[in-house]
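Chain naming follows the written order as A, B, C and D, and within any one chain the residues start at number 1.
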């Protein structure tokens, strides 16, 4: 397999067991070594008391893109620390698109930038830190 | 109203519109000025490809406790920045309990500690920063 | 030794080698198991182009209090992740006082809240995550 | 002035008043709209009780690169929230090089990635959030 094929095979294997991402209506737009793009429409039941998407959903789509990116080289890895800054609200009907890119991979620790967009706007910036846990994805 | 009654009235008003927290099966255990406790059972559809609760759900219950705490004085406030460290996994069937406590409130900015527990274990530590946005909750 | 005596002995041993904290003019106000308080006057050479203390110095005093707190049980530990929110500026002549308190200690990972005060104001809130690295402090 | 000349003029004006960065031995390597590179040798007095550079110094050089980047368009801006993950230690004699790049600028809020290198290694990853405060740098 090429590195791109390996990244896609890892994402497919994770996706098969990822009840949460599927129940939330996410789809994988693209995956490559150290990178992943995931999209999710904002449903009416994702809206909070301020009339905007609950922060947990912008977080969830960013977290999923991060998970596919940090497992894309067939080294089983988990989120250790995540950090999100909310820049603009998203509303029901918007599609959230999270683009994750690896910034560094040192020993067992990786750091990943994730930008979450809705329309042309940046909704949130996310920084994820992963740790490999032993074993492979496939 | 006493400060405690005001905190409960604010939480009730937010809860009525909070489709997301209700759809996720959360319940408000307690709320007081600057404090809130929210619980949520981990359902089978909340489990990710590693067999543990998707990080987005531990985040969501922490984020909801944070929201009720930072709006508990009837000053409308939103999350601006959140930070989560995962310390131990949670599994389907666990009940996640998030306890939010105000650490500081300076001008328009508040900071809130949230600990997420499952059984006797600490599952995650969360730090939320809020900003008041003008207006009241009630 | 009692736990308090052990915490003080660990802090003394670290302090003897801590050229950085001494060169910055810090002093240890108090240390106990999982807790430490460190103070540092803001010198004129710590002021940045906005006329306020460079953020790196508020960070440094918080980071030192965090280091003494997470090494207070004689388990050698290092900072892994830190997060700071600036709430108010500090000026030359202020004394920064950082109070670190342990929030959780799970396996090799600890989390510590640090509040930085100047006068009666909260200047910054800091959240530190530590990892034990094997070995003891003494 | 071109945008690049404006970025350099803003950095020069800030530098003239930035006693802290100069006292720490920093130098500006490069500045451009939304970007800045700052270098700082690790001096013997910057070493902590573990024999490695005190985390506050890696933070300080990242924070300075962030400050020059977020003020590079002549809109006066301050750090609001910073987040650092330590990936590898630095020792006395190393030169720390911090490269700041703007990731988003939405309304009054900007987010900036800063990577800190020493030799060929990534020492730390930093994410800074800025807020404009009214007024200009020049």
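Everything that follows uses one rule, which is that a contact is a pair of C-beta atoms (placed from the backbone, for glycine too) under 8 Å apart; a residue touches a chain by one contact, two chains touch by 3 or more.
Please read these numbers as outputs of a predicted model, since none were measured by experiment.
Asks: Hey, which pair has more contacts between C-betas, A-B or A-C?
Replies: So, comparing the two chain pairs, more contacts are at A-B.
Asks: Give the label of the chain whose average Cα location is farthest from that of chain A.
Replies: In terms of C-alpha centroids, the chain at the greatest distance from chain A is C.
Asks: With centres defined as the mean C-alpha position, give me the chain A-chain D separation in Å.
Replies: Between these chains, centre-to-centre, one finds 28 Å.
Asks: Where the centres are mean C-alpha positions, what is the separation of chain A from chain B, in Å?
Replies: 22
Asks: Per the centroid of Cα atoms for each chain, what is the distance between chain A and chain C, given in Å?
Replies: Using C-alpha averages as centres, the distance is 33 Å.
Asks: At least two partner chains per residue is the criterion; list those residues in chain B.
Replies: 81, 83, 85, 129
Asks: Going by the contact rule set out above, which residues of chain A touch chain B in the complex?
Replies: Listed in rising order, the residues are 13-21, 23-24, 44-51, 53-57, 59-60, 63-64, 67, 76, 78-86.
Asks: Okay, in this complex, where on chain B does chain D touch?
Replies: My answer: residues 81, 83, 129.
Asks: For chain C, which residues count as touching chain B in their complex?
Replies: 81, 83, 85, 87-88, 103-104, 106-107, 109, 111, 113, 115, 121-122, 125, 127, 129
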